[in-house]
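Below, chain A partners chain B and then partners chain C, in two separate complexes.
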Partner chain A sequence: MTKKHLKLTDISKEGDVQLDEVNIDELIPLPPPYDKNEGLKQLTDDQKVRLVNNLDGFSALALPKPKDKAEENKYIGQFVAGLKKLLSKENNWTFLQPLLLSLDYCARCQTCSDACTVYTASGKKDIYRPTYRTEIFRRLINKYAKSGGKLRAALGAGNIEINWGTISRLYELSYRCTLCRRCAQICPLGVDNALITRELRKLFSQELGWAPKELHEKGTVLQLEVGSPTGMRPAVAIDNIEFLDEDFTESTGIKVATPWDKEGADVLLLHSAGDILSFPASVIAFTVLCNAAGISWTLSSEAPGYDGVNYGLFYDDIQLARIVTKHAQIARKLKVKKIVMGECGHEHKALITVADRLLIGDLNIPRQDAMSFLEDIVFSGKIKFDPSKNNFPVTLHDPCNVVRNLGIVEPQRRILRYLCPQFREMTPHGVDNYCCGGGGGLSVMSDVNFTDWKVNVSGRMKFIQILEAFADQPGPEVGKYLCAPCLNCKLQFKDMFKYYGAREKSGIICGGLAELIVNAMVDVKKPFITWDEE
Partner chain B sequence: MNIFLVALTYFAYIFIILMYAVKVIKIARLPVHLRWELYPVISEPKGRYGSAYIEDEREWRKNHGKTVRKGIIYLLKENLKFSEYFKSNRWYWLVLFPWHIGFILIIVFHILCFFGALVMIAGNPVAADSVYILGKIFYYGILVCGVISFITGAFGSAGLIIKRLADRDLRAFATPQNYLNYVFTLVVFLSGIYAWIFADPTFYQYREFWRGVVTLNPVSVEPATAAHIILFDMFLIYLPFTRSMHYITKFFAFLWVRWDDRPNFRGSKVESDIKGLLDKPVSWSAPHIKSGRTWAEIVTEKKHDEKTP
Partner chain C sequence: MAKMELAGVMLEVDEHGFMQETNKWNEDIARAYGAKEGINELTEEHWTAINYLRNYYLANGICPMIRRLIKETGFSLKKLYDLFPEGPANSACKWSGVPKATGCV
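The block that comes next holds the complex of A and B.
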């Protein structure tokens, strides 16, 4: 099959022309037994009639087709208005300087392309190049949002038309990037394609009101309304966790109880409610550890104080700011000394660094990452461990938002080296890690046929990397543990492992860091990691 | 003609300095942004925890000067070596590196010419057989920088044109202006080579020309040298309209974004800047934003009438 080469101007092809397609045999191959090619899920005929399908044959966003030209023109007008607002100090002070530094000075050298796992996994499709969407966006900004832009475009600065095809394709394309920032890390000029992609998402969300429903209506909006994108209300959160406490107490004989809304506690622990539902072992493991280490801690039952996720980080500054402000207000009300993150990468980035310049006065409460918090507990000497209880192959996935975006690399490793005799690194790892493929909000998005894209394209390099880390014992007879201290990464791995049958074929399961620590506790007699989970 | 060359040279230098200054000031005056650092932060002393560990104001302030210096030195070295390109894009580096070396040396060449003129004015001849060591240094410095600059620059410009045309991935992203830039630089460097070989093999005329510039006493030069001077001046005037600023803005991209881990301490300048920015009005149109209020009102969901004076 010959590779399709795209021009930048192809983005504005009129009508429903699909720019490219993903064929499974063009993707980089998976090792056996995962090398049997199964087809990728296609849009149904009905979906093709209803939904915009002009990019790559996948639909992450289920964007309905516009009714008529007037509707198209309305969106085009809004898009142009949004381009201008991105350049305004009032509307976009939050990222204006980084945006301009990334927009104006790219040398188009393409050095960043090979750093992108989406691009490489796809067999180097132009459409997934880090610079493809950003160069188009750059040219649109230059032409439509800067004075004299149209003349400069006509004179040779790069001329791309804005029409319905352009904006609908760009919208979908802005969700073919995991915002992992590997491309930014390698750029010799400091240009950040992930940042530009996020600005593009922001434009759609903040001006046109377009955002993936999992991130917006069922994400930040729901979180601000009821407390959590899972829909979990405070009473349900308390119920669920009480159940977890009782269950653990019953099965181990060790009495644990979760303190709620304890004013003046040292630590407000901010789990993700997704963990309570999908990975409850992580939540109970923190409870066990905090209690055993004698930490003065509390959970909050005030919405959204029991859910640390903040999908605003992926697509919308206003929603981002609203949620971090709520989290900080809750901590202030409880008069805690610091907020400690649960095992959720983007929560770390949102609340620890990005929020740092949104919170002022007494709202700027100290915040600590989960990794160094757990490290302090493990090495406090207050808990006895028996590392032989973790004597199975363990590898560590580095969530992008914890390592590349926050620089927390070592604490989790010191724990694993101490408690897991068969710990091995992936290649590459640390700040050079590969994204799980679900970053940038993708892991919670599963509309139409998007899951197939996530597991086959964006998660492909990671899957290969995991298999390589366990290559010495590939069969299912040896249980292997992928430690992924991030809810979103775990959700992506859950989808991925289910899709490929990794548990059955290779014996790999995925869980967090706290579970491994509790599993090694001398006092917890029964194995905490059960190997039943997916 | 002689006066024209001097006037054009003054104009070109003043123009480029002003244009660059305006651009730098514009970037510098942009509002403080949300933190968006990216690791590894080369200058980070507490690599152990990255930036996330509860930040200690005193420690941070103590180290800040040092870390900025470390970062600047790293970037300066990088600007000379291009090792990032060497590591990840070898073929591109092969033409990009000489192109940039051509630029760096042509700038050094002109700086040396300027100071060489001062040395001459002070009464020390700049020549191979000068009795003054300074005169010798300037003579050879100017000669070596000029020749290497013209040759590497011409090689790099031609190489970049070929590389960008031959490599489909690069070609797809190139604009007509990119090619114009390369052709322009190629012509500038080639004109330098031509003048050097056929008109001014020791750059005597060039040095005298610069003495004339400094003393406002124009001297006449051969047409080939004059052509190079005009082309170079035109190039300086053209530069601000290209992406050439990336050589400088790169420092901002790294120091002010990628490595910017300045914490927002209570009572700090960052905090007062943010307070001001949160009072800015928002006009985004999406319904969930409910614009027409300030950032602070929107994120805390205060209504207008609830605002405390």
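The block that comes next holds the complex of A and C.
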């Protein structure tokens, strides 16, 4: 197979032509026993008739084919209008300045390419090069949104046409990036390709009404309507946690009781509700730790105060702002001193940093990250630990939004070095970590055949890195723990480990940080972490 | 929207074959889903799980937590995988005619 070189103008090829394809033998190889080629799931014949499939053979978005030329033209017109809006401060009050800087300063040195785990894992496909989508976007902005742009483009400064092929391919391509920002960190000029990608998603959502259904219709819309993208209403959230309190009281032998709606508590803890369903031990571990450390804390049952996710961060400023505001209003009403994040990376970024541009006056309630909160508890002297209870291999995944984007690197490591005798780092780690492959909202997206892309392409570098961290004891007879203090990351690992059979073949399971802390508590007599199938 | 015919009924489904109009569900549809995954007869145990899932969904607008499903039916997770080849979320919920779980799960 010869490597396919793409020109920037290929993006506007006639609508139905597929630009490239992913072949499993072109991807960087996995070590044994994961080196068998399973083949990648293709679109069915029926899907090929109904859905746009003109990028790489994957469909994350299930975009229906347009009915006719008039429909194509409507979207093309909206796209051009959206390009212009992104450059105006009335319409882009959130990210205009960083966008302009990232548009102006790229020197085309391609340093960012090798930092990109998607591009590297793919065997360096042009289509996944971080600058491929952003340079196209830059040229479209220059041509269609700046005065005299069309004339300059005609004279040779990158003349890319906006047609149906261009916009439908760019839409899919904006969801082939995990927004991990390794590229931005390595760029000598600070150009942020992830930010540009996210602005592109925003244009599609806010101008064309195009967004992944898991992020919008069944994401932010559902959260604003019933309280959570899981569909969990307040009464169901309370009922579920009461069930878990009882269930874990039985299984751990210590009394578990989660407080609700305590006005005037010091801390409002804001979990991701998905943890209640998929990783309930994480939620219960926080309850056990807060109670044991004597913290004055509460959960909120007011929608959406029991679900800290904010998918708006991934694709839409308006939805982002609506949810951030709701979260802050709920905290203000409860008169808490601060909001503490659950183990959810994008919640950290949305509420701790981006929210600073949105929350003013008494809505600007102090917010604390989960890592330093847990560190304070562990080293408060109020809980007795026996680190030998955690005597199994443990490695740490750095969620991009907590570590690279917020610089919270050491608290979680001080905990692990104290409580996990066999803790070992991955290479690279900290702010240089690799993304799990599910960042930027990808981990909750599973339409058509997209899961195959996530586990094979965007998660590939991470999977290799995890196996390498445990290479001293590779077999399934030794239970190993991947500590990933972020729900989005855990879900990506869940998909990936299931796909590859990592628990059966290598004994690796994935969970959060709080569970490891509880597992080391002297007062918790039975093991909190087990390698049984959940 | 994709369509699929099951037990003589044309259904709107998502790209993974989950029903979008849960009120059109009937027991023959559950049997037809099972047959597509190689389970040609639904036993009393299948119905215990399907009825519990469906009733919980209709009352709460969401599928139950796995832990609750295990506790209420008395089936271990392994047993649930024996009954439903793709497991509780991807087979049992689908056969019960409820939409695919979303939202960080």
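Keep this in mind: the second predicted complex is superposed on the first by the 532 of 534 C-alpha atoms of A that agree within 3 Å, B and C clash if a C-alpha of one lies under 4 Å from a C-alpha of the other, contacts with A are read in each partner's own complex, and residues count from 1 in each chain.
We adopt the following convention: a residue touches a chain if its C-beta (ideal position, glycine included) is under 8 Å from a C-beta of that chain, and two chains touch if they have at least 3 such contacts.
All figures in this text were calculated on a predicted structure; none of them were measured in a lab.
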So if we stack both complexes on chain A, do chain B and chain C clash, or do they fit?
fit
Per the contact definition in the header, classify A:Met426: touching chain B only (first), chain C only (second), both, or neither.
neither
Would you check which partner chain A:His348 touches, where first means chain B only, second means chain C only, and both and neither mean what they say?
first
Vertex chain A, arms to chain B and chain C (CA centres, degrees, nearest 10):
160
Which superposed partner A:Ala273 touches (first chain B, second chain C, both, neither):
second
Which partner does A:Leu140 reach: the first (chain B), the second (chain C), both, or neither?
neither
Once the structures are superposed on A, label A:Gly231 by its partner contacts, choosing first (chain B), second (chain C), both or neither.
second
With both complexes superposed on chain A, which partner does A:Phe243 reach: first (chain B), second (chain C), both or neither?
second
Chain A residues touched - chain C or chain B, whichever exceeds:
B
In the superposed arrangement, which partner chain does A:Lys338 touch: chain B (first), chain C (second), both, or neither?
first
With chain A overlaid, the minimum CA to CA distance between chain B and chain C in angstrom is 19
Which positions of chain A sit in both the chain B and the chain C interface?
none
Can you tell me which positions in chain A touch chain B when the two form their complex?
5-8, 78, 81-82, 85, 89-91, 93-98, 100-102, 104-111, 113-115, 126, 129, 131, 135, 155-158, 181, 184-186, 188-192, 195, 205-209, 216, 221, 317-319, 321-322, 325, 338, 348, 352-354, 356-361, 364, 366-369, 372, 403-411, 431
Enumerate the contact residues on chain C facing chain A in the complex.
2, 14-16, 60-62, 65-68, 71, 77-78, 101-105
Spell out the residues on chain A that touch chain C in their complex, using ranges where they run on.
46-47, 50, 62, 214, 218-219, 222-223, 226, 228-233, 236, 240, 243-244, 247, 272-278, 280, 307, 309, 443-444, 446-448, 487-488, 491, 533-534
Residues of chain B touching chain A in their complex?
27, 30-41, 44, 47-54, 78, 82, 84-85, 88-89, 92, 96, 168-170, 172-178, 180, 243, 245-246, 249-250, 252-254, 256-258, 261, 263-264, 266, 270-271, 274-275, 277-278, 280-289, 295, 298-301
